[in-house]
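Common to both upcoming complexes is chain A, partnered first by chain B, then by chain C.
For the complex of A and B:
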């Protein structure tokens, strides 16, 4: 049973990719919608398995670590698997109706979508440094492909820039992996951690290299320049996938590495630098979001800011008490989940708004409040979570981070949390202000079908309601970031 | 000034990477690793079905990595084709007719096909295998294209996509079939290992050749391009 569920997570998305590669967009849509249903069921199945059986390791191909590749199935991985199933299904569902199926290149959307899903699951589950690299590469390439599909000049420019930056990040990560392999002779993260604890080998350089590379890929300030053009120019469902899931993959690996190896190899300076850069991202990203003229650029710069919060994980988990560290980990996990849901909702809603007024400018939204209240409402609900108002998931996340920063005596992060919330309120209200302007000479609005409006609403409600189910979710997290059993 | 600065930054990054790479190699060569993975591979080689350790690692011990890597190639080819300018990737206008090239082709193409076949077969017990063989196959295709051989399979129709995905699909089917046979995924059943690995390598060679060739001929920008599309 375990084998089948694992295969369901890792191999069936690949099978959907191979099948949809041979189909047109319209036929691929039906296959994909069926596939999404299957993937959601499998993800829930794995969740129930972990609840029932606890965390476990699973060797692929009958070979255990260090010779083969081992999967680590723990609470955190399951949360990400479920999150992926939710956001990807929403974006795929939306994309099936939203994308123009008459364009010949659109048939490449589904295979890329499925490759992306397969690679995301692989990153969440893998416990092997090189396998993580391969998963990350597949994610990057599918993401670049999804941004570039259609090959319009600006999309191509953004995609190419994204590709080059991401490759530099990958190279730094790979170099770090090579150093680790040279030192220990193994690639399994669990075995490396054990050996490191036994032998006390200095690993600061490889860890810094890997974290640096991953930070570039997660668009940490000041390496965020590639993100807004790529996320802004992509079709809205693709932007939702990018901001919601793709950027999280590289952060997830960084967090795993830090929590496994950081106690020995991390330094206070490295942690503080990452925290400061994250804070700078929060302030600078929000400020730029406030000044953008295009709707999707506002949302994209907001992603830069929201990702900044995640990097507070590093200072808040190094040389602090167990309880504070756990609080910070829970806070960051919640922030990832609520941002993925809220940003997915925001991009999909933004897509509907743009479809309706036929322009991507913020000012063009004037008067849309009367015609498309539903999509605008989803946008606002998602904004509530970004601002961190109760009862949203964003509120719970920031509350936990706030407590962790005060309890660890690092009060300066609390200021960042407050400033970030205020700034995000400003840029969300700016969109509202523009859309409620009444004296618009534009009288014709295109009305997207109801089902298109429904998807972002569901995501936004999930982001909002997340605050109410924090407790059961954190129980699933149990011992977050795998402080669990050794293989 | 700005261009000068950008060049400087790129150069600095390159130098830093090169330096770090040198340090890495030096570091690895100097101190033996704590765990000797090659020894473990050698120990289990008899169970892997092939005699070449590299092939054993690629297609048995870490076959999941390889499966995803093939996925990378398929993705790259797909992205390339999705941006192709011409309706057929095999554009007659781009053909040249050069006597020397034509003569070379008659000598080289059969030889290259043979080399590809040999590399594929050699992969099971010495260096070689699908990636090398596929690269040679693609080179033969490039030569043929330069020399104006019509290659109709490169039309971006179902045949091209079928060729691209063939190796990947067979690999995946083997993974599924091995699970039906009662073992874990990608765990080849007893006695079948060699047959399956050679089959996978053979179809992979074809697909890899096709992917590389498709990337070579795919054009950059779409003609539909510049329409006003705000989303």
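For the complex of A and C:
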């Protein structure tokens, strides 16, 4: 059973990709909708498996650690697998109706979408430095492809800039992997941690290189310049995938590395630098979001800000008590999940609004409030989670981070959390202000189909309701490993 | 100093040259070539360092070769994708460099309705 479920997570997405490669957009849509159903069922199956028998290691094809590829199936990985299934299904469902199926190039959407899904799952489950690198690269290549599909010069420019920056980031990561392998001769993250603790060898340089590369790929301030054009110019369902999932993959690897190797190799200075850059991203990203003229650029810059919060993980888990570190990890995990859901909802809703008013400008939204579009409501609900108001997932995340920063005596991060919340409220309200302008001459308004408006609403409600199911989700994080599964 | 370590140092030099070229050059093809040089440097470091120390038995570890082979496949795919994008970009704009973000921002505001519509929908 386990073998089938793991194959279902990693290989069936590749099969969907191969099949849709041969089909037109319309036929690929039916195959993909069926595929999404299968993938959701498989993801839930793996989740039930972990709930049932605890976390475990799984050697692919029966080959164990040093020779084969070993997958680590733990609570964190499962949360990300489920998150991927949710957000990707929403975006794929939306894309099937939203993208113009008459354009010949749209048929490339589905294969890229499925390759992306397969690569994301492999990153969540890998416990091996090199395998993570390969997964990360497949994510980059498919994401760049998705941004560029059918695009004009603007989209190509954004895709090229994204590709070049991401490639340099991967090179830095790979250099770190080469140094680790040169020192220890192993790639498994768990084994590297043991060897490092035994030998007391400082892996500070490799760790810094890998984290640096990953930070570039996660668009950490000041290397965030590539993100807003790429996420802003892509088609809305693609933007949802990018902001919701793709940038999280590189952050996920950075967090894994830090939690496994940081105690020995990390330094206080490195942690504080990453925290400060994250804080700068929160403030600067929100400020720029406030000043954008285009709706999707507002949402994209808001992603830069929200990703900044994640980097508070680094200072809040180094040389602090076990309890504080756990709190910070839980807060960051919640922030990832709630941001992915809320940002998916926001981009999809923004896509619907742009479809309605036939313009991407914020000012073009003037008077839209009179037509009471459902999508504007979804946009606002997602905004509630970004601002961190209760009972949203964003509130729970920021509350945990706030507690962790006060308990560890690093009160300055609390200021960042408060300022970030305030600024995000400003940029969300600015969209609303533009929509409710009274004296506009807008009299033509296209109502998108209900099914198109339903998807962002579901995502926004999930982000909002996340705060109510925090406890069951967080208990998943701390499950013990099942017996006989240690590598 | 062993020959393996010499390879690793050669790799470091190549990697530095590649990074320098990547940052300093603005022509897209040159940037891509610089990226490839950087990649080759890293592969040299990967093989050289691993044969020097680490591993089970110095000089006998086959894993780095396998890693580098995979790395080459990844680099080739990335290069191919970049080439396709650069070609299409050149075809559409006649440009071989990415504009600085300030310029492209101005352009975006000027040349709107058409490109905006295509970008958004």
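Just so it is clear, the second predicted complex is superposed on the first by the 477 of 487 C-alpha atoms of A that agree within 3 Å, B and C clash if a C-alpha of one lies under 4 Å from a C-alpha of the other, contacts with A are read in each partner's own complex, and residues count from 1 in each chain.
The rule is short, and it goes like this: contacts are C-beta pairs under 8 Å (C-beta built on N, C-alpha and C of every residue); 3 or more make two chains touch, one makes a residue touch a chain.
In this text, all values refer to a predicted model and were calculated from it rather than measured experimentally.
Novice: Do chain B and chain C fit side by side on chain A after the overlay, or clash?
Specialist: The answer is clash.
Novice: Per the contact definition in the header, classify A:153: touching chain B only (first), chain C only (second), both, or neither.
Specialist: Both chain B and chain C are touched by A:153.
Novice: Quick check on the superposed pair: does A:145 touch chain B, chain C, both, or neither? Answer first, second, both or neither.
Specialist: Both partners.
Novice: According to the stated criteria, A:225 is in contact with first (chain B), second (chain C), both, or neither; which is it?
Specialist: second
Novice: In the overlaid three-chain picture, which partner chain does A:185 touch, first (chain B) or second (chain C), both, or neither?
Specialist: both
Novice: So, does A:174 touch the first partner chain B, the second partner chain C, both, or neither?
Specialist: second
Novice: May I ask you to name which of chain B and chain C touches more residues of chain A?
Specialist: Here the partner covering more residues of chain A is B.
Novice: I'd like to know which partner A:164 touches here: chain B for first, chain C for second, both or neither.
Specialist: Once the two structures are laid over each other on A, A:164 reaches chain C alone.
Novice: Of the two partner chains, chain B (first) and chain C (second), which one does A:354 touch, if any: first, second, both, or neither?
Specialist: After superposition on chain A, A:354 lies in contact with both partners, chain B and chain C.
Novice: Can A:6 be said to touch chain B (first), chain C (second), both, or neither?
Specialist: Touch partner of A:6: chain B, not chain C.
Novice: After superposition on the shared chain, which partner residues are touched by A:31: those of chain B (first), chain C (second), both, or neither?
Specialist: Neither: A:31 stays clear of chain B and chain C.
Novice: Could you give the residue numbers on chain A that contact chain B in one complex and chain C in the other?
Specialist: 130, 134, 137, 141, 144-145, 148, 151-153, 156, 168, 171, 175, 178-179, 181-185, 235-236, 351, 354-355, 358-360
Novice: Could you list, by residue number, the parts of chain A that touch chain B in their complex?
Specialist: 3-4, 6-7, 10-11, 14-15, 17-18, 21-22, 59-63, 66-69, 103, 105, 108, 111-112, 115, 118-119, 122, 130-131, 134-135, 137-138, 141-142, 144-145, 148-153, 156, 168, 171-172, 175, 178-179, 181-186, 191, 195, 199, 209, 235-236, 351, 354-355, 358-360
Novice: For the complex, which residues does chain B have touching chain A?
Specialist: My answer: residues 13, 17, 20-21, 24, 27-28, 31-37, 40-41, 44, 60-65, 67-69, 71-72, 74-76, 78-79, 81-83, 158, 161-162, 164-165, 168-169, 172, 175-176, 179, 183-187, 220-222, 224-226, 229-231.
Novice: For the complex, which residues does chain C have touching chain A?
Specialist: These residues of chain C touch chain A: 8, 15, 19, 22, 28, 31, 35, 38-39, 42, 45-46, 49-50, 52-56, 61, 63-64, 67, 70-71, 74, 77-78, 81-82, 85-86, 88-89, 92-93, 98-99, 101, 104, 108-109, 113, 115-121.
Novice: If you look only at chain A, which of its residues touch chain C in the complex?
Specialist: Listed in rising order, the residues are 100, 130, 133-134, 137, 140-141, 144-145, 148, 151-157, 159-161, 163-164, 167-168, 171, 174-175, 177-179, 181-185, 187, 225, 229, 232-233, 235-236, 293-294, 296, 351, 354-355, 358-361.
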